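You will see subunit A twice below: alongside subunit B first, and alongside subunit C after that.
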Partner chain A sequence: MESPLHIVGTDALRQGLAEKVRGDARYTADLKRPGMLYGRILRCPHPHARVRAIDTAAAERAPGVHAVLTHHDATHGRIDADLAALDPELRYVGDEVAAVAAETPAQAEDALALIRVDYEVLPAVFDAREALAPDAPAVHPGGNLVDGQRVIVERGDLARGFAEAAQVFEGTFRTQVHGPVGMETRAALAEWEGDHVTVWKTSRAVHAMDRPALSRALGIPPERIRVICTNMGGGFGNKDESRLASIVALLARKTGRPVRIEYGRAEEFIAGRNRQSTENHLRIGVAADGAPVAIELQSVMNAGSYVASGRNVTRRIGQGPVYLYRCPNARFEGATAYTNRPPGGSFRGLGAPLGHFALEVLIDEIAEHLGVDPLDYRLRYQVPPEGQPGQRTTPPGQHIPDEPVEGGVPFSSNGLEACLLAGAERFGWRERRQPNGTATGPRRRGLGVAMGVYKGGVGREAQALVRIARDGKAHVAVGVVDVGQGSTTILAQIAAEALQMPLERVEMTMADTAHTPPGHITAGSSTTFSTGNAVKLAAESARNRLLEHAAAMMGVANAELQGDRFVARGDEQRSLGIGEVLERLPEDVQGEATLVVGSSEVIVNAFAAHFCEVEVEPDSGRIRIVRYVAAQDSGRIVNPRMAVSQVSGGVLQFLGIALREELLLDERSGVTLNPSFLEHKSTAFVDFPPIEVLFPAGPDPLGPFGAKALGEPPVVPVFAAVANAVANAIGVRLHEVPFTPKRVLAAINAQQGSAR
Partner chain B sequence: MNEPKPSDGTVEIHLQVNGHTHALRVEPRTTLLEVLRERLDLTGAKPACDRGECGACAVLLDEQPVNACHWLAVQAAGHAIVTVEGLRERPEFRPLQEAFVAQDGGQCGYCTPGFAVAAYAALRDEPDPNPLALRWALVGHICRCNAYEAILAAIQDAGGRMRSR
Partner chain C sequence: MKAFAFLEPASVGEAVTRLAEGGSARIIAGGSDLLGELKEGTAHYERLVSLGRIGSLRAIAPAGDGLRIGAAVTLAELEHERRLAGPYRLLAEAARGVATPEIRNQGTLGGNLCQRPRCLHYRSPWIDCLKKGGTDCPAKDSEHQPYLAVMGASDCFAAHASDLAPPLLALDAAVVVAGPAGERTLPLAEFFTGPERDVRRENVLGPDEVLTAVVLPGRAADWRGTYLKARERTAGDFPLVSVAFGARMEGGVLREVRLVLGGVAPVPWPCPQAAALLEGQAPTAEIAARAAEAAFESARPLAGSAYKVQLGRALVTRAIEQVAAG
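On to the complex of A and B.
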């Protein structure tokens, strides 16, 4: 029988929050080193150009300037396949041309204006389909189709599925450019000591990404590079994948002084990494009884000028369409195109919210057409716990991908139905929902539902080190970064639970390559499940060694911990206090774990069902969110209060994107038009609706104490939940995010036009 | 940051911050935020937009919350500046800090000191605010983690803690 939990499942207070409130917590841009210089970056004014010549003499003579860095200084390896540390070919308005280090920020900025660049302006392309045409200007030497091939995944026989279908439904769905917009902009500080360098930076992966990238760009082995992330001011799947750290380290090497650069807000909007726009064409064939028999999604993603993790973004568009509904035949094909737009990258959920938008809106249309309540349609055809029909294709013994395609493999746990039922009950779906388009009056209410499936938290390799010191403290070292989501607290709770120690005695060390074992990237909502499992294993191993010591001290074979005493197993009279055992330890007790996370038998996925109520003004096209219920299956919830914060925050973040947020680009000049908080409006303190959060599912058998992924799954169904609620309110389908008043009015007019 | 030379077009100002007066030479274009952070190492006020759009750099200027990025240091001379580092020494700040932690009123924490400074001023002006008034009082503050619900709860909780003292 499972022993009761004492720390996992409780509302432990978020670690470090008191220091953050008091302004004590230091983020990268808060750090200073003796003699530190300030760097600034010169950015390209053309969407596509080549540097013929660059004259830095005047800038180098300017007051306070110590060095100017150009592509001539960046002679080592590349940061990424398509990204050099500095490149004479420039691919978007804002691309990095050169950098200056000076005594003050103003001096560095002034000097940028003194750098004379002779640009050869090249033809540019902004549209993804145009970029994929044979005669398009090549953004990169290998052509504009990223990797030279499309992502294709399929199950069953799509053509046969469509041939068997009684009806086929289809639609084209578009999404625009989404900025993650962490409040902290990208920042990095580098300091050399001899041939070793320390880089403090905003990061999601000090071990897995930063160190190898810097090693290539600087031409030195990774062992001579230390990377630290002290505090992250918001990750949201973003904040790497740029040249910043390499530029700073190269400037510091050239000047012999520490150098720090932090992006301005416009730089972050433009030269950070955004989720770029997509066009998704979805076809679903259903049998006479309404069951899906063929699902096909074809997507084109505009990757912008550098792809970074954009391939993965494209792949994840397909996840919902391929797996959310039980269907023997499914296929996803995604093309990723280079263009001369600002670079693409990952943002919370990658492509999943985009693919789910198409899927969950078209499913709603199918249910409406068949005269079935959209909740009932989902209850009937959602992917069941035993997974998709068909044959397993992963060879026996090999790990099952957590972006699954094949049939014949069950889930480790699947709480989708529990989410649908609990969410519907809380929301009052059965009692309150009226048929689509039957509301009347100047403000019309509507209810919508949408589901989501996402990776369950399987990272690649996870490591943890747990050391019990003789002062009674347990020191946990993991290489992953707390990007602001709270993993420090969650991992400490897991460690304390496994150690059977009070949480106050657990001390966390993270995100420093000098003091932590290698860690995976904080991405794919993987920290709790992957590093959490490693922490649990390492803590159990440390605890077992401590028990061995206690048993040896008592001269017995086995001991167990009861409260604050070690008791000899089988002889309750013999015991030692924890303090006595710790005092007599010959050395600190250590446990470590390295594991390749995952399963060769089951799929680990997280699930969600969201319910949204809107009020729409058909005359103005304005949408107001009235109520929102988010039911999540993330297995056992390690910290309910923090989990509610994360789900509520994720939903609100994506409601902002659903209704308003969109980075606009002028396609004649390549200039980004709204790179500021005033013109790119996030959800604000006056316009957020309450988000009701439910966790109706049970623990997962593979998660640490039953926990699964939580960070991204809550953002996946949001667009579709809103669109379906709008359809219910005014009988009009929205096929493009964001649902600005202009787009809502256009959709209303288009429908009235076609009805005439 | 190194002290610029007087011949560089800099001017001397006396800036009163957290009760101490600092004699500084600054370029006239230098913002109050830059002086606080880079010259005085008071990094509780965060740079996030540098144009008064997000509230992350809020400080008190003559006890009123302002965006430090929106003031030039030369303009701020002659006023009493209190940053979060000064504010936290006041006993009335304690309940705010406790309430933010108790209600989980922040995630990544980058916007949090700005919210705390503004919340301090809001609760001083209206010790028992209704939620809507509180939202409008802090309308200029953005939290991209969207911890708004918990922040609102934290400020209301802090008000309660202050009133019961």
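On to the complex of A and C.
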């Protein structure tokens, strides 16, 4: 039997909270080193060009300037297959051309204007479909299809499924460019000591990404590179690339001084990694009884000029369409196209919110057409705990992918139905929902529902080190980065629970390659599940060693911890206080764990069901979110208060994108038109709706103390929940995010036009 | 941002002298618009002449039947000004709809009237345009045109973004301008100019002139106005379209009708024909719809901004309904 939990499941205060509230928490851009110089980056004014010649003489002579870095200085190796620290070929408006290090930021800024660049302007392409055409200008030497191939995954026999279908529904769904808009912009600081370099940077993976990338870019072995990430002001799946850090390290090497660069907000919007635009064509065939029998999604993703996470972003568009509904035949095909837009990358949820948008809106249309309540349709055809029909294709003994395709494999746990039922009850779905388009008046209310499925947190190699010191403190070292989501606190709670120690005695060390074992990237909502399992195992191992020491000190075979005393098993009279045992330890007690977290028997996924109420003005196209209920299956919740913040924050972030946020590109020049908080319509305080968060599902058998992924799953159903609520309010279907007044009015006009 | 000299004259006369000293100079009051331009590199001036030390520009005083409001009165002060009641209420309402509380603490009445357009292409440091001395409008073929004009524009399509100009025009306000030759007063309607006169300016203010005050004439005590503003974000956003509408109800019909649009033309856009249509009429839904049509009769929107006409008509109809309902 499971013993009761004391620390996991409580609202422990977020670690470092007081420092953040006081403004004492130090972020990368707050760091200073003696003699530090400030860097600035010269950016390309053309969408596609080649540097014929670059004259830095005047800039080098400018007051305070110590060095100008160009592609001639960045010759060691590439950061990614498609990316060099500085490259003579420039692929978007804003691409890095050169960098200056000077005594003050203003001197560096002024010197940029003195660099003379002779550009050979090359033909550019901005549209993904045009980029994939045979005669399109090549953004990269290998052609514009990223990795030279499409992502194709399938289950069953799609053609047979459509042949058997009584009806086929289809739609084309578009999404625009989404900026993650972390409050903190990218920053990096580098300092050399001899042939060793220390780099502080905004990061998601000091071990897994930064160190190897810097090793390539600087031409030195990883052992001579230390990477540290202090506090992060928002990761959101972003800040994983190492270009800025490479430039800073090269500048520091050239000047012999520490150098720091912090992006401005416009740079962050343009040169930070955004989720680029997609076009998704979805077809669903249903049998006479309404059951899905064939689902096919074809997607084209605009990757922009560089794409750190490559086809992974595209692959995840298929996650929902391929797996959210029980269906024997499913297929996803996705192309990722290089264009001369700003670089793409990963952003919370990768492609999943986009694929779910298409899926959950079209499912709503199907339910409406069939005359079935959309909640009932979902309750009837959601993927069940036993998974999809069909035969397992993963060979026995191998880990099951957490972006599954095959049938015949059950889930470790699946709380989708619990989420639908609990959410609907809290929301008052049964009592309040009226048929689509029956509301009247100048302001029309509507209710919508959408579901989501996402990775559950497995599939990464995780390591942890737990050391119990003689002063009674437990030191936990993990290489992962807390990107602001609170993993420091969550992992400390897991360690304290496993150690049976008070939380205050656990001290965390993270995100420093010199003082932590290798850690995976903070991505795929995996930290709690993967590193959490490693921490739990390492803590249990340390605790067992401590028990062995205690037993040995008492001269018995086994001991157990009861309150603050070690008690000999079988002889309650013999005991030692914790303090006594710790004092007499010959050395610190250590436990460690390395594991590739996963299962060869089950799929580990997280689930969500969201309910949205909107008010729509049909004459102005304005949508207001009135109320939102998010029910999440993330297994056992380690810290309910932080989990509620995580979910409501994710919902809010994607409500902003659903309604108004997008980065606009001028198609003639390739210029990003709105790289500021004025023109990029990030959500303002007055637009916060009430968001209620529910966790109705139980613990997962494989997660640490039953926990599953929580970081990204809350963002997955949001677009569709809003779109379905709008359809309920005004009877109009929205197929393009964001739902600005312009698009809403266009959709209303199109429907009225077709009705005439 | 390039370096500039910052001058703080103590009087309007000294400010005018400073402006006339040659080289490029610009007045700075709250700076909430200008500093953005300087930082982004869309504009540069050798000298900034601050109005911050000229106390007389922050006064609000009775003037005949009306009020004289100094140009450096902040938007926050307007928002909370008790004398902006009754017929003047819509001005306070419009001030409250500008930007955010922080910016309203800083931004001024004069600055709001003299602000530069929000056209995304004009604001981009990467793109040349007519307003910046270029030879072509890069915005007219773009699909991203939230801040472009739908009427009254040719060559340059940048719309005027002021939130205070439409209500002030509805109140028949005048402006006081000081220059080397002394003070002159002109109707606010004559203050704004479109690109056909000078594409690089939005008003008649000379390079050595200072807008010093706005004068509100008296207005019947039962005249009521409203200011409606369509925007993408509820706070901190510029108007896609805005409507200032006001009238007096007399025996069930509308009198002294004023209708002015914002965000739809290179200048704030009075609609005298639409107002005349409503004059002496009972405010029915039918006549409101006709007035909304009339207000946008001369609309010739570009493809990417056509929705603003629909949005604007909806706003006009609503504004009429609101005022009629009291």
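What we mean here is this: the second predicted complex is superposed on the first by the 753 of 756 C-alpha atoms of A that agree within 3 Å, B and C clash if a C-alpha of one lies under 4 Å from a C-alpha of the other, contacts with A are read in each partner's own complex, and residues count from 1 in each chain.
Everything below uses one rule, namely that contacts are C-beta pairs under 8 Å (C-beta built on N, C-alpha and C of every residue); 3 or more make two chains touch, one makes a residue touch a chain.
The structure presented is a predicted model; accordingly, all values stated were derived computationally and were not measured.
For the composite obtained by overlaying on subunit A, subunit B and subunit C can both be accommodated side by side without a clash. Shared-chain residue A:R668: touches subunit C; no touch with subunit B.
When both complexes are overlaid on chain A, the residue A:R545 reaches neither subunit B nor subunit C.
Once the two complexes are laid over each other on the shared chain, residue contacts for A:H6 go to neither subunit B nor subunit C. In the superposition on chain A, A:V686 makes contact with both subunit B and subunit C. Contacts of A:R574 after superposition: neither subunit B nor subunit C is touched. Angle at subunit A (Cα centre) between the Cα centres of subunit B and subunit C in the superposed arrangement: 50°, in steps of 10. Within the superposed three-chain arrangement, the count of touched residues of subunit A is higher for B, of the candidates subunit B and subunit C.
Of the two partner chains, subunit C is the only one that A:P741 touches; subunit B does not reach it. Of the two partner chains, subunit B is the only one touched by A:N231; subunit C is not.
Using the contact criterion defined above for the overlaid structures, shared-chain residue A:Q485 touches subunit B, although it does not reach subunit C. When the two complexes are overlaid on their common chain A, residue A:R380 makes contact with neither subunit B nor subunit C. Of all C-alpha pairs spanning subunit B and subunit C in the superposed arrangement, the closest lie 6 Å apart. Residues 676-678, 683-686 of subunit A are contacted both by subunit B in one complex and by subunit C in the other. Contact residues of subunit A toward subunit B in the complex are 13-14, 16-18, 20-27, 29-30, 32, 36, 38, 63-64, 103-106, 180-185, 231-236, 262, 264-265, 483-486, 641-642, 645-646, 648-653, 656, 676-678, 682-686, 688, 690-691.
For subunit A in complex with subunit C, the touching residues are 45, 93, 109, 266, 442, 617, 619-622, 660, 664, 666-669, 671, 673-674, 676-679, 681, 683-687, 740-742, 745-746, 749.
Residues 1-2, 4, 8, 27, 29-30, 34, 37-38, 41-51, 53-54, 56, 83-85, 88, 96-97, 100-102, 104-113, 116, 135-136, 138-139, 141-152 of subunit B are the ones touching subunit A in the complex. Interface residues of subunit C facing subunit A in the complex, by the touch rule stated above, are 1, 36, 40, 100, 118, 120-121, 123-124, 126-127, 138, 141-144, 146, 230, 232-238, 240, 307, 310-311, 314-315, 317-318.
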